[in-house]
């Protein structure tokens, strides 16, 4: 960014750019304004990096508008999260999307070969946590990570979790997904020596209060290296895990 | 109780008791009313069973009044819980109390020899949960149970808990006490095949909300056989554990 | 479990098992991994003990997969809880299930003759709490307990509850189910001398907050011997009650 | 009030009062403004009716100022609630107050002979609820009611409550005060056929959340005729009970 | 009740009743147990008093069963509350019900002539609070009270409320119903000199949290004589208001 | 108002009005009572000022009744908010409404030329906050304000917000609408030197708790000049913004 | 700000400033970094405008450091809010502060003559809300506004509020401060035609939950023109009121 | 760990270890049990890695016991967090601790030279968040990281944050600490391309609810790469940041 500003200033110095033009340029940002959305184009500049559209709360038409803007600006790989089957039915007419019903993720463009530091392990407390876990896993894969899935390993049957000890202890980053068994993050965090990203899910019943109980349980974990993202935020966990798994490369 | 009513009715039939006397008797209950408290005398009837006074929110003088009423009615063993050191200083002048500062329990009369089905295991997540755990443990001991203490076995270091696996799997009843690591109840419940009584404590910090997070975490446990008592209610857990540990004997 | 490990180690000593095989065996646990679920097979080992599938959040196909795995491993009696009528319609084509619409429980295999210490009493505050109560009662019956039902005995009409005093005072364990009248657990706990398992239900209205009010009311009970399970968790209460009612037998 | 307005209007018609004077009079209200407080003088007009000062959050000097204003306006009986011992020490120098440490109520002027429809029963769940109960009872007495106290009759020992059945069934109004045993209001409401005013108290521990649990429990009572006032609001309950107990007289 | 017991005891004394029969009689209560419900028959004993069935959470068949039991026991006037239009369609085939869609109340038997102390005023903050208000008003009318309706008098337009000042100041009891304007109870309570029953409703939006905000606002009212019933509990308010409005008559 | 009272009083003095008529007049208020609603007619008196009907919780027929009353009293411009498409379909048969599906606002009568102090800027954190923002914007326009829309400028991409810095710094009032990015109000408040009205929306997911998180975040803003209206209350924000933007004119 | 940037760019064009110097200047902001605080110096540039230091959570020494930095940069009038008496004792040794114990505000420099559009009215529900109200009032005065105080006008005695109707209807902006009577904002908002800023206070008891109940009540006000600031945030209300009261002047 | 087990098994195969000894060894864990605590000795095995003692809820004597056990097992560098000044006064007599009053951290042994991937930036919203920030910063330094402090950069004055843009964009990991301005995490997360660890603090007032508001605000951040730790958990953030900053080295 600094260079861009420097360029503008040098243009002013050299008389190539007027003061008013410079004023305008300094305000211009790398996004396109299409009224209902300001489409970020940051990543398309760095060739190959995927861009993400959060599908919920947007109409199929709005998603289409954003997608078109991205494509027109050279973006080649796009991930659409929280895409309902209904909206997918509309969008697939136009784009060659790879859609997964369970995770409600749609991908435009093929995932790259994994190039992270190591493997990202995605664990769930139960079977019903899998959709959120898949959002996390597919996001991580889309951003170039190798993912291992450890499903239904809730701590109430600790031997099931222990049978995955090997995968847990060898992971670079672990994503622990649970709606009832918030304890999963604690136990995994105690076993592993790597960052653990806890994702509460809203799938429990009774006093699970839409994921709040799991959220609190995860925040209160005494295990070091555990942090928490929003309830059901599989994408956020997958993205952050990828970021951590590419630490050396990024800097 | 039924017999008592039957006796009264037979007395009426036989003319030994007048109708009015019977009316009165039917209403008379086994407690003494001393104004600020209705002192239960149920247990003194069953010789040897201890009686309990909840000390919080009562003045030393009120506790004294209740104690005297109990003693006067033949009660021989009394447990006073939540007794502050200040009140103990006053009461010890009069009664030969065995007081424990950590649990704030005072006992009048010696504990009986353990006669339960098996052993009650009391586990804590951390060091600061010990006072509540001791209230549970000492209550259980006072009611005639053998107790084994497993302290500081929070699940964030699962190997510490696993080192106690033997004690956990051989217990009759387990009391799991934790303020931050509500997960303890889940893991213990998954390991054991016996009833687990979970006690949330208020000792955590941050989003532990005075034990609420641990409480919710424990309620959401997927392990079968786990139930929960009120935050910091060590006495309740110890008493219930004793009740379960004496199942056969009681009926 | 200990024996199993001992066997493996003796096999190593005697040369029957190689170190690597032993390593693998030590990690192998008594469950089958079918991808979306790790199916526990613990109970099938102890011939005759029923196994449970929690039906909510699982597709009919997933439940089928788990059932098949259990059957293939010799499990003979299976209880499926929280099974919607829709999923039952699919599953009944394949398995001879005994399904109860009110409790949403489906049983595979006949219930055994009751062999517990005594009777389990299941009480409800109102008529609308009955579905949860039935989940508890049928679970208890499936695990070999005699159950007595005391429905619509909310404390606002204490004489209705008092008319069941006999059943309450003779029960081995009591399950108190209520959505509005959380007080039920307190009163029952005060009347009875046995463990009381309180189950808050989510059927109330207004400031009942989906069972939260009943939950708090039950946790705050001053009656000794009361503990609480999750909102609507009829299964958990039934299972725990059975566990307590089989105390002597289990050890 | 209507008469007062009519008087003013007739004065205008008759030329005794100018339009501007009338305008002013219509706006003048029966209270005295002393800067930090607007002192109501409504009741002093109706000779003999007591007036109330809520002492919390007011300095001794402010209470003094309000008291003086009332006395100067002919008020003869004043009740000061929530008066700390410290403030009482200051005020007693000046006024002949009857102060009760437990309820923190101070009364100026003697209570009248009871003249209500019947008796007001004040019941508490435990010993530690007595201070709030006394605030209610003394308020009711100050407003001319006969009060019967039923303390420590929590429902966990239902026989203690049942021993007071007579008093409960003969009361005109019942005030049920409880911090842990919110159930008290339900049971009492089911036994009695008169209005029950429930007062949650903040004296519990654990998941009582400063009276919130009792409050919710009381609101969810299925007993007809139960209503609730704010946590610890003994005065409000006593005042409302008096109002109901004087129904006929008031109209 | 006392007489009933006395009769039994005298029967025992005189030999008319055996001890066992007396035991049974003493336990027999004035309700009929029809499995899913214990039908109270108290009121049918006091000829003419209406009885109430809470319709929510009960099937049409269950309501029918309860109704039949009541009728068979001589009950002549029955009020069914929270009766959905669907269930009404089924029940009207059998009973001559007077049904009101707005309040979802159905009445069997004609309302009596009002015989209370005075008039019950039912006020609402807005138009959408009317259904709950009607439940209160129709309940009060069914129990023999004269009702005046003051709808849409929220305090944000205080002149609308002030225009009803006359009705407010002459009422015996006031029911203040509001979902957003919890303030209504405070202002009405300040204007009137009679008991005010506040009913929070769940009809608000945003931070009204299903009536919780109105509930808290009403509990915090500084006006004397205000008490609160559960959210949307129009029946409870109407019943309590009737009880208060019949104070003299009842005792 | 004062004049109106003065007129009445002068009429009394001059004998044109009797005392009783005056009493009645003093009570008469500028609204029409149509049973289910008290229709305010204040604004119609001040020619040209629009009047507002809150459509939610009212039937189409009720809205029609209120509209007719307003029109009959000379009201010329009416704004109906929270009008569902279904109700609009009914009402449009009768009135020439300008309806906007996104904001669910319907306007009767053309908006006036803007006459406020300056421009009102309406900003949203994301695309899904737009419906609430449109309710605010259209309300402001209906009350005679120039509005500039700044949509999808959430602070997680601060450059998007910064690109609107000019509009933010030149606005008279800013409305910040956000469901997830409650931070928007803080950042905007720090940038601008004018009043900022924050509107939390209920469109988030996870721990957004229906707008509660955004609400709290906005209330905790350290920026001076920020205040908050209810969740989703676009109308309230638009109305208040208009009020502020017409400050000089109003007084 | 725009001009400043333009100056820099013109300097670059004219060769007076190098590109690097310009880069630095563009990043330099009008604040001084003193380690533990970044002291804003914005207002000192606009001669005469006061600057504010939030005293809570800062040591006397830190406040001193910030004050010195401000004074050194030409700031002449400073308001310190939430300044405890203890810290004031330290600071008064060095600065000629005008300190008010009730509001805990300290002012350096004399308040200017009021120059706003009209008067700001500050109303409180009770006597104990006065400290927060004074913070608001003194802040408004410090920023050049005329303030009228209307204390103890809670709606439970609506006549007290009505006696201030004149002041309310003539105010430019109203600040409504209340801890229990959140209703105050609604009623005031309904009476007045100007912006109302509601300030919940934490001084209530029982279910007031430290101001939360008042906060919710205020947010749910149906009166138009009402917005809310944080609990106890008297400063925020006073500052915003001043901003609104200077609308014309500011632009 | 695997090797250790392999060694044991090979010992059994080779006859060096008996089966019973192996059984014992397999259960022996690398911690020391000192009654009230199970002291982890994991890190002392990996020479040079520091070990941590959480000081809150432990007596000085207990901390001493744990420290001695660690030292006796070869641990050379120890960090004690949440150590009150009082306990420090006791401990410093025995150990050469480097204590910081603000962060309440005490370090035994000198910090190593930084060897992480890059720099960890620690930012705070205000001055009063600094103690928690220092706990994070000193923890990170103790684990071998270079730390840059960016204090008092709350988003309400976005220019202050922008002046640190350089440091933010060049950091490896960012820790955002805030009690009122939870928005800080969002804005920082939007600016940076690295993992952001958000730490809510409990230092706010009003509706900050002890950090809950900031916590929720941070969880709802729309910025990618943001995760959250418990309220006030500076240590957790510092430790996790270090873990991420050493990604390559660790694996």
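Labels for the chains are A, B, C, D, E, F, G and H, by order of writing; each one numbers its residues from 1.
Simple rule for what comes next: contacts are C-beta pairs under 8 Å (C-beta built on N, C-alpha and C of every residue); 3 or more make two chains touch, one makes a residue touch a chain.
Quick caveat, the model's predicted, so the values are computed rather than measured.
Considering every other chain in turn, the ones in contact with both subunit B and subunit F prove to be A, D, E, H.
By residue number, over half of the contacts seen at A-F repeat in one listed pair from G-H, B-C or A-G, namely G-H. At the interface between subunit G and subunit H, two copies of one sequence, fewer than half of the residue numbers in use appear on both sides, so the contact is built from largely different positions. The geometric centre of subunit C is 59 Å away from that of subunit G, both derived from CA atoms.
One inter-chain figure worth recording: subunit D and subunit F are separated by 41 Å, centre to centre, where each centre is the mean of the chain's CA atoms. Separating the CA-averaged centres of subunit F and subunit G is a span of 25 Å. Centre-to-centre spacing of subunit C and subunit F amounts to 54 Å, using the average Cα coordinate of each chain. Counting partner chains per residue, subunit G shows two or more touched chains at residues 126, 157, 206-208, 212, 215, 219-220, 224, 230-231.
Listed by chain label, the pairs that touch are A-B, A-C, A-F, A-G, A-H, B-C, B-D, B-E, B-H, C-D, C-E, C-H, D-E, D-F, D-G, E-F, E-G, F-G, F-H, G-H. Considering their complex, residues 1, 52, 117-118, 166, 169, 172, 193-195, 197, 215, 219-220, 224-231, 236-237, 239-240, 243-245, 247-248, 250-251 of subunit F touch subunit G. Residue ranges on subunit B touching subunit E, taken from their complex, read 2, 5-6, 9-10, 12-13, 15, 19, 22-23, 26.
The residues of subunit C lying in touch with subunit D in their complex are 125-126, 154-158, 180-184, 186-187, 189-191, 204, 206-209, 212-214, 216-217, 219-224. Interface residues of subunit A, counted against subunit C in their complex, comprise 126-128, 130, 151-153, 157, 159-160, 162-163, 165-166, 203, 205-208.
If you check the complex, the residues on subunit C that touch subunit A are 27-31, 33, 35-38, 40, 56-58, 62, 200, 202, 211-212, 215, 230-233.
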